[in-house]
Amino acid sequence: MCRWMAYTGSPVLVEDLLYVPANSLIVQSLHARLGVEPTNGDGFGFGWYDGDGTGLFRSTEPAWNDRNLRELSGHVRSPLVLAHVRASTGTPVQQTNCHPFRHGRWLWMHNGAITSFRAVKRDLALAVDPELFPDIEGSTDSELFFHLALTFGLEADPPTAVARAVGLIEEVGQRHGVPFPIQMTVATTDGETLWAFRYSSEGRSRSLFHNVDVSTLRAQYPDNPVLHRLADDARLVVSEPLGELQGAWREVPESTCVVVRPGSEELLPFGPSLLQPTS
Amino acid sequence: MCRWMAYTGSPVLVEDLLYVPANSLIVQSLHARLGVEPTNGDGFGFGWYDGDGTGLFRSTEPAWNDRNLRELSGHVRSPLVLAHVRASTGTPVQQTNCHPFRHGRWLWMHNGAITSFRAVKRDLALAVDPELFPDIEGSTDSELFFHLALTFGLEADPPTAVARAVGLIEEVGQRHGVPFPIQMTVATTDGETLWAFRYSSEGRSRSLFHNVDVSTLRAQYPDNPVLHRLADDARLVVSEPLGELQGAWREVPESTCVVVRPGSEELLPFGPSLLQPTS
Amino acid sequence: MCRWMAYTGSPVLVEDLLYVPANSLIVQSLHARLGVEPTNGDGFGFGWYDGDGTGLFRSTEPAWNDRNLRELSGHVRSPLVLAHVRASTGTPVQQTNCHPFRHGRWLWMHNGAITSFRAVKRDLALAVDPELFPDIEGSTDSELFFHLALTFGLEADPPTAVARAVGLIEEVGQRHGVPFPIQMTVATTDGETLWAFRYSSEGRSRSLFHNVDVSTLRAQYPDNPVLHRLADDARLVVSEPLGELQGAWREVPESTCVVVRPGSEELLPFGPSLLQPTS
Amino acid sequence: MCRWMAYTGSPVLVEDLLYVPANSLIVQSLHARLGVEPTNGDGFGFGWYDGDGTGLFRSTEPAWNDRNLRELSGHVRSPLVLAHVRASTGTPVQQTNCHPFRHGRWLWMHNGAITSFRAVKRDLALAVDPELFPDIEGSTDSELFFHLALTFGLEADPPTAVARAVGLIEEVGQRHGVPFPIQMTVATTDGETLWAFRYSSEGRSRSLFHNVDVSTLRAQYPDNPVLHRLADDARLVVSEPLGELQGAWREVPESTCVVVRPGSEELLPFGPSLLQPTS
């Protein structure tokens, strides 16, 4: 299990996202409240966008005491940030297994798991575009899932590509007798739009929330300092709420894709797209 | 806050100490039950004795997923083992800040803190024997405490030396207006005898336990497999019980020094020894 | 490029192999003499055998200043040791990319490269036994090569299995237009016998040496202390000589497999075994 | 031994300093040409200034394969950068021993050593301002030297403060019978001015160079791409030349302090300032 957060809106200092909120992602690295596993100490990462392209900083240390993370987050400003703290489900703690993963301008991060990954790994790996296959550097289900989504056209149409990747994972899992092949919340972005997905075969998915309009909240809580650091167009999608403000967060429904652009979000139904019609 | 365990008795495989018990130290690295802080993910270490002298393995990774620790613990056998998982109270996560610390044949580990360490650090450092001063490699209160105990004769008379070191810490703390200068459980050994201390200025010390005679337990729980891995002379001193067996653990009383030799233990009253009589 | 050494004979302290010789593997981690690249600072590892099975210690730090390596090598004794220092040829510096690799009782290490690995990686991965495929944890050519050898029966007949794996690599490389698909020295063992291979498609292989009988050397150099630490049955196969003793080392010829058992060695011709007869 | 570079001038991308030059600092981390020791693989660090204050990124990995360094250097732009690759002279490889060191807005880095550091460490530590003493986090001579300079007024008058710190090191060394107590090139800055020092007790100091006016060079080498990335006001002080351009670098003379401000530099004689007149 892992925890993640994605931000899009006016440029912010990463520190204001990662350290300032009461239940920030750094706090969640030690004490997640809603997760299966309270500790997410098996590495972390964050990705961002600026005039020099896509930046990525990943490390195998626990996030809570990492000095370089503390330091960099006080200097990096970006209108779009993905951040992740990891709890390994068995794969090694190494930088290439830390999220977000990157391909060109695209970033990807995942909470959850492909069930019985050892059993299905080879079949899924064979489905990856041979051109993309050697780009897989780590050993996680999450990175392989990303490369399946890329194979199915993530860069052209993310909801469709993810639906087809999930469809394949469902099919391969069923072929291997896995009752619930996938459990996922995913965030992916090209640096402009953010797509977040909540889905699981079982219909009991990992938690996911997005924020209510900041200007509404600010009217409601005029004294809250965190809200004054955020612009009106700030949009956050998070594994769990970053604080206790009543009414600040809405749960993303099961089987949903949230499409976020600066100042707007749209919720679409999401489900696996089966590749081969079952005759 | 940290968690530790010390073993003396017939040689055991370190794995049987660190991984097999239900509430083993590795489990405590993720989920300590009795501590101030449930996660002890800021490094770990273990020290042991064999025909080649004192061995030491320390690392800054969390213990729970460290493969080298898993591996080595399956190959190292020793009649005396000290092991520690760390939760930093502010000092950097680095190997030289991991316990146990070593001097010649002696090992030392500590749970707790010298309160307001920044304020008193220099005065305490000046009290260290100038010959020993350059041996201090890290930046923790625990390592400095060890070097104070060495300065006051740890190698000749451990209870007296630790009492004098604690006396100095109390005095220096009071001089700086610190209400409760020290909080400690400590284990130290020369490879033959094990001394464990429980003390705090406040009289509310970190938890410490030692095991009840193994043969008694085995009679009581004839089906328990862990007990069959331990010889009759096995003696454990631990931050918290390694399992749920009723009657298996006794709390070490406040202000006590436990002296453990193979097959025997002795409890002595312990308190700070003031260096300068207050006139 | 990397450097490695393999030892078989009477049990030795690993320290005597890794640190004592004038041009020890630790020295070679900083200043290899015969290699393409003098620095081998991208991780290291060693594997050994004792009553508890196969042990493995691997780390991403440079070997020359690693304290845990220094420490462990002073406590581990074994009749069969494989040790490796790594210079990455592009794949990430992570523990799962450090040699030796292990499968059951078998260890494997490699110096050299599968040429144009990105181009041929997928085809080679598909040739790995599906049962073994999910065991591949890292991203190196060397680990994949090991799993090919396992696929082709390494555990039953090492020279034949390695010859078939090399044959496949040659064929796949040629299919992708790679002029010289492989460059290799390899050591592998089941804990009793050691097989070492020297081969390259180009016929200009990485250096490899084995030692001359120790008793002969001891007669020749009665004052050499290193020789007195080694028993008569000591056999070493190394990337480069561990010292300057004239007459102590023999080069392993090109296209050769050396089979070493305690006190004996045998040199066999080695070359790729083509899987499909070219008609 | 270590290698370092300091830049001041129009804001540059750190990548252009660290990776682009033919003999860049990253190249020197593997193959320094002029140093006592060609490999500087025991950690690295760089510090910079931007609108958010002083940034610092330090790591214990070798610089040559560090992905986070590669990544960050492609996103950080600064008018003043200090960068350092380390070869430990015995103190542990840990982040708190990596350069640059920081105090408030000040950065400090050092190549060389305080000779017989174990012997003189305590006397020097006692001379540090008690307020600053607990800020010392690592165990290097370089960090202690920095805190001595701060004690002697670095923030008010750097050349005088460094001269007094060096004077103390000379005196303490002589008192302990050390023939040549110090060997140093040092760079320090408050974010606006850069001070670089070259000095050694022996009068045979580590190498140090500064660049010739860029516009002159550009006229001389109109086709050199590196020169076109640098503005006319670019000033570099480096352990060794970053390339082969004839006439591009001037050696800093022995016993000299170079004071660099954007577009200008001044060379001052430098020597130890004795604290107590010898009667």
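So that you can tell them apart, the chains are marked A, B, C and D in the order they are listed, and the count of residues begins at 1 in each.
One rule holds in what follows: a contact is a pair of C-beta atoms (placed from the backbone, for glycine too) under 8 Å apart; a residue touches a chain by one contact, two chains touch by 3 or more.
These figures come from a predicted structure and were not determined experimentally.
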item	value
Chains touching both chain A and chain D, listed by label	B, C
Chain pair repeating A-D, as identified from B-C, A-C or B-D when over half of the contact pairs by residue number coincide	B-C
Centre-to-centre distance between chain D and chain C (centres being mean Cα positions), rounded to whole Å	41
Where chain A touches two or more other chains, by residue	67, 92, 95
Arrangement of touching chains [line / ring / star / complete / other]	complete
Touching residues on chain D, where the partner in the complex is chain B	91-92, 94-96, 117-119, 121-122, 125-126, 130, 133-134, 136-139
Chain A to chain B touching residues, read off their complex	30-31, 38-39, 41-42, 60-62, 64-65, 67, 88, 92-93
Contact footprint of chain B on chain C as seen in their complex	13, 50, 52-53, 55-59, 67-68, 71-72, 74-76, 95
